[in-house]
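What follows is a group of structures, each given as structure tokens.
Two complexes come next, and they have one chain in common, subunit A, joined by subunit B in the first and subunit C in the second.
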Partner chain A sequence: MKSLQQLLTECETLAFDLNFTRAKKWKAEDKSRILVGYLPIYIPREIIHAANGMAVGIMGAGDRKQIIKGDAYYQSYICHFPRGIIEMALDTNLEEFDGFLFPAICDCVRNLSGMFKLSKKGKFQRYFDYPQNFDPFIGGTFYTQEMEKVIDDMFKINGVKVTAEGINKAIKLYNINRQLIEKIYNIRDERPWQLSAVDMYHILRAGLTITVEEHNEILEQVLHHIKEERGEPMDNIRVVISGSFCEQPPIGLIKSIEMAGCYIVEDDFMLGSRWIQGDIKDNTSNPLEALGNAYIHQSTFSSAYYDVGNPKGKRLVDLARKRKADGVIFCAASFCDPALLDRPEMQKECDHAGLPHINFQFHENTGQFKVIKEQAGTFSDSIKLWA
Partner chain B sequence: MENSFYTMGIDVGSNFIKLVLVDYSDDPKIIDKQTEKIRKRNPTNVADEMIQNMLTKHDLKYDDIAYLASTGEGDLVKRKRGHFYGMTTHAKGANFFFHDAVTVVDMGALYVRAVKISTDARVEDYKMTGQCASGSGQFVENISRYLGLSIEEVGEVSLQANEAEISSGICAVLAETDVINMVSRGITTPNIIKGIHLSIANRIIKLLSSLKAESPIVITGGMSLNVGMIQAIEEQLAETGKKYIIKTHPDAIYAGALGAALWGGYRHIRLKEKQAVLA
Partner chain C sequence: MAEPKDAIKENSMIIQKEMLAKQFKELSMATELGKKVVYTFVPGNLTELILSFDMLPVYPEINALQSGMRKKSAEYIRDAEKIGFSEDVCTYVKCDIGMMLNGNIGPTGEKLPPPDLLLLSYTGCFTFLKWFENLERLYPGVPVAMLHTPYQEDGNISKDQIDYMLKQLKEEVIPKMEQVSGQKYDHARLSKMMENSAKAEDLLVKILESAKNVPSPIDAYFAGVYYIGPIFTAFRGTQEAVDYYTELWKEVQERMRLGLGPVTPEGEIKEEKFRLVVEGPPNWTNFREFWKIFYDMGAVIVASSYTKVGGVYDTGFRHDPKEPLESLAKYCMGVYTNLNLPQRVEMLENYVKDYKADGFLINSIKSCNSFSAGQLMIMREIEQRASVPVGFIESDLVDPRYFSYANIKNRLESYFQMLEQRKIILKQEEVV
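And then the complex of A and B:
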């Protein structure tokens, strides 16, 4: 078994390998294997696994790639995220990827799918839409059809026929993956000092670049290392981070929040890995229906999710209460329409619940955190000393 | 309230680390204090060594300290129990020295921060200098070094000025160029230093006026020991036509560390109360 430090170092390397070396190596080992890149937030990775593929999360170039061509594709009032992605596509980072899925998050990502299509990146490029009608017979059927289109796309590439048995097997693996992640989050909820939010981030992001089987092994080992109580708690406040579900904050920003005296006990950084709450049925004759039902009934919330009847502001407050959070930090990417449009409603809900909150914005390549550290530091002090 | 207990506050600055040991009670007392220049050493090791030496000196162990609190670059301090932000700790430190303080000017190595506080040391508003270093202690230290003075001497030398020569108040690079020109023009060292102080003071006045600051104003941080700087601030404030009372304290350099130790004591009690409720 590897030491915790070895695991964390490995995860950090995997998380920020913008060439996806490990995934490409995995593909090279078998001609029928395919790589399907997907953007935040969520896609049903199970169907790709069942088609002998690997779903690779493309979470942006962050502060690790200079944007030259990307800026020519987007206006100045558009977030940084798609610039980095198109830069990666126009460079060699995404070569050997067979297809790309663009989940319905916002107009920028939709346009990005068009740019990939025009630039002929990958063998298929699909804008992946989600049901907004939560009646299983309507929304569920629509979602099944969306998944079938992707299955067809993959079949045209490697000829692998996706079976119910194959999807059920994948569902089992991803159920384990979600359970393990949840266990680690629960341990961090009890003893957040045992694993930093930055380490947790690396662990989850690494999981988007390797097979689920490998990631499960890593998670098992991490869990083994942190299950025993150790270390001393600090007198920090507990916060929930909300709004970073798409463009990812730079690691320096997460560190700054932690250094300012905050334990991040809940976040939406790598939300896709935790999108489905609880297990998905893994023994049905119609696993696509099971995946659809899981999306309809077991989805978490985010600003990119249609939430009629189950408002996300209330869900955010419930989540903060569950994690015994002292406050909420609204931390969204600049120009992120979904997050910034939802923010006032969510803040209002926090106000009603008496939950203190602050907000700031970032770019994935932000390099200066002085102001953010200052805001988070004074927020922490105000809760510790005067709340 | 528990009769009394020990707390420690450590303020990790850019140049100096300040450490204060406090006997915390309803009437807290400073037991000991220490300042150490970091020089080119690892700040974490320096901080650790300082804490260890202080404990040994007073025949104490880590566990005897109810709350070890950091401020400044607190992530460099091992085994701390909590961290408080610089503004919060300087406010508390200033309030400890002068209970009537309503404005605090923290003059550190890299920036100057003006903070409006309530009489119970709560931060109400603040303004800070920007990124440029021309309003900071580090800049004064650099200039004094160019002029062959130690940082301890600059204050007294500044008081000897009779015709101050003002330098650029916007950019440290331009100000340093100004100083080179002044030296070649034969301007005396006291006049150059006084000019530097006036230029920094001018920026502080701007901060204070944008903050709508009120008296008394307490100067804290490393620059509070610089008498020339204090005089320059007083002169500049006098020019505004308003009456301001400027206060400094011989221990003002410890305001951050002291504030951390005091807030640490406050938190220790609150955490114990919380534990008691949960039990």
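And then the complex of A and C:
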């Protein structure tokens, strides 16, 4: 077994390897293997696994890659995320990827799918439309058809026939993955000082670049290491971060929040890995339907998800309560319409619940954190003072 | 739509003005008239269906653009920002919410009634979802009917997608409309309305395609936004719309016969110097100033994508009385912002060629990701495929803070100079 430090170092390297070396190596080992890149937030990775593929999460170039060509594709008033993706696509980062999926989370990502089509990146480029109708017979059927299209795309590349058995096997593996992640979150909930939010971030993001089997192995080992109580608690407040589900904040920003005296006990950074709440049925004769039902009935809340009937402001407050959070930090990318249009309503819900909150906007390549650190520090101090 | 002061009035303009006055009067008296009110969007609107239940549609984007033209939007946007909306987000949403906060006074100065039904036709723009989630909270208890229009991801409309929409129409939208209106769905009535829709659509296409003439008798962007008004909003499917387009078509034919250019607020364009295709919505806060920069230079917009946001008819689609619900589904999926980028590029490339355009211009809107994300790539593609000079300007729909007259004018002047030089070169090459 590796030491915790070894695991954390490995995860950090994997998380920010924008060349996806491990994934490409995995593909090279077997001719029928394929790599399918996907953008935030969620796709049912199980179907890719069942097609002998690896779903690779492309979470942006962040502050790790200089944007040279990407800026020429986007106006200044569009978030930073897609320009990093285009930069990677025009460079060699995404070579050897067989296809790309663009989940229906906003019009930037939607139109980016068209840009990939126009520049013929990969063998398929598909906008993955989420149903916004939640009747299993209407939205569920639509969702199944969306998944079938992807299965078809993959079949055309490697000829691997996706079977119910194969999908069920993948569901099992991803159920384990979700359970392990949740266990770690729960331990951090009890003893947030045992594993920093930055380390947690690396662990989860690493999982988007390797096989689920390998990730489960890492998660098991991390869990083993943090099961025993260690370290000393600090006089920090507990916060939930909301709004960073797509463009990712730079690590420096997460660190600054932690250093300012906040334990981040809940967040939406790697929301896709935690999208489905609870297990998906792994023993049915129609696993696509099971995946569809899970999407309809077990999705978490998010700005990409139509929420009339189950408003996300309320769900955010419930989550904060569950995590015994002292406050919420709204932390959205600049120009992110989905997150920013949700913010006033979510803030209102926090106000109603008496949950303090602050907000700031960022770019994934922000390099200055002084102001944010000060803001978070004042937030933490004021909560401690009034508690 | 509101019309510029001192404009030359053609008969069709007077008719349109009367139609709008009547519409807003009716809306202001909705309660007295016992009419139910449906808030919905222009792209993917189900106007015939709403009207077939004797309900009245309200389009928040139209309110927002009207507020922009009436110089009210700055105040409305500021008020929305005061309650927490970020400077970075779509200004149509903020303008609409600000208008609500200020008493919901419509373009004619009369109060707009609150909605009895929020019909969220989620077509071509993700922000629509967010917009209506906000409205739902601002109007608690008002039922919401959601119609999700699948994106033309593959560049076509599949049977599965039509089925998905039909199921939603039959099991979600129509039952809610029945419940709110207290009336039963009337297939025959809807079908009858579609006959009118198709007639008006035929006429609209003729009018827009008249711009293929040299000189063009119309401006298909600045004047085009008036031409699309009735059919993109509350009048599709009505006899009034057919009458309006019949009159407009008569006027356009007459201008063609006389070889006249487009009508502008300051008279006819005397000499058509440049023919342009424009992509992107216009700016509303400074609409007239903006237009003037073009007509002062003799630039005529011969085709635009914006006049296709409420429906693409020039590639053959018509509402079909034989299958009214299916055609509503196909209509929704066919609107411009629901097309994928390769389809948009192809359409614009065809416009440049078919309308013999000298150039291609993008007015990129700060607010609007649905249009703006990817526009720079569209521009490159058109430049390569159609071999015409391309231009790029930036503004906003209704936020006056993002309309810089001097900047836009400078850019356009340089662009027109470039077009001028190219014309000279092409002429010289012809001589050789």
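Here, the second predicted complex is superposed on the first by the 386 of 387 C-alpha atoms of A that agree within 3 Å, B and C clash if a C-alpha of one lies under 4 Å from a C-alpha of the other, contacts with A are read in each partner's own complex, and residues count from 1 in each chain.
The rule is short, and it goes like this: a residue touches a chain if its C-beta (ideal position, glycine included) is under 8 Å from a C-beta of that chain, and two chains touch if they have at least 3 such contacts.
Every value quoted in this text rests on a predicted model; they were computed, and no experiment measured them.
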Let's test your reading of the overlay: on subunit A, do subunit B and subunit C clash or fit side by side?
fit
May I ask you to decide whether A:117 touches subunit B, subunit C, both, or neither, giving the answer as first, second, both or neither?
second
Which chain, subunit B or subunit C, is in touch with more residues of subunit A?
C
To make sure I follow: the centres are taken over C-alpha atoms, the vertex is subunit A, the ends are subunit B and subunit C. What is that angle to the nearest 10 degrees?
100
Have a look at where A:129 lands relative to subunit B and subunit C in the superposition and call it first, second, both or neither.
second
Report for A:142: first if it touches subunit B alone, second if subunit C alone, otherwise both or neither.
second
Applying the touch criterion given at the start, work out whether A:374 contacts subunit B, subunit C, both or neither, answering first, second, both or neither.
first
Return first, second, both or neither, reflecting whether A:73 touches subunit B, subunit C, both chains, or no partner chain.
second
In the overlaid three-chain picture, find the nearest pair of C-alpha atoms across subunit B and subunit C and give that distance in Å.
20
Once the two structures are superposed, pull the subunit A residues common to the subunit B and subunit C interfaces.
none
Given the complex with subunit A, which residues does subunit C contribute to the contact?
83-86, 88-90, 93, 122, 125-127, 129-134, 136-137, 144, 146, 148, 150-151, 153, 160, 164, 167-168, 171-172, 340-342, 344-345, 364, 366, 369-370, 372-377, 381, 394
Using the touch definition up top, name the residues of subunit A that touch subunit C in the complex.
72-75, 77-78, 82, 104-108, 110-115, 117-119, 126-127, 129, 131-133, 135, 137-139, 141-142, 145, 303, 306-308, 311, 334-338, 340-345, 347-348, 361
Within the complex, which stretch of subunit A touches subunit B?
232, 234-236, 259-261, 374, 377-378, 380-381, 384-386
Listed in rising order, subunit B residues that touch subunit A in their complex are 67, 74-75, 79-88, 122-123, 263, 266-267, 271
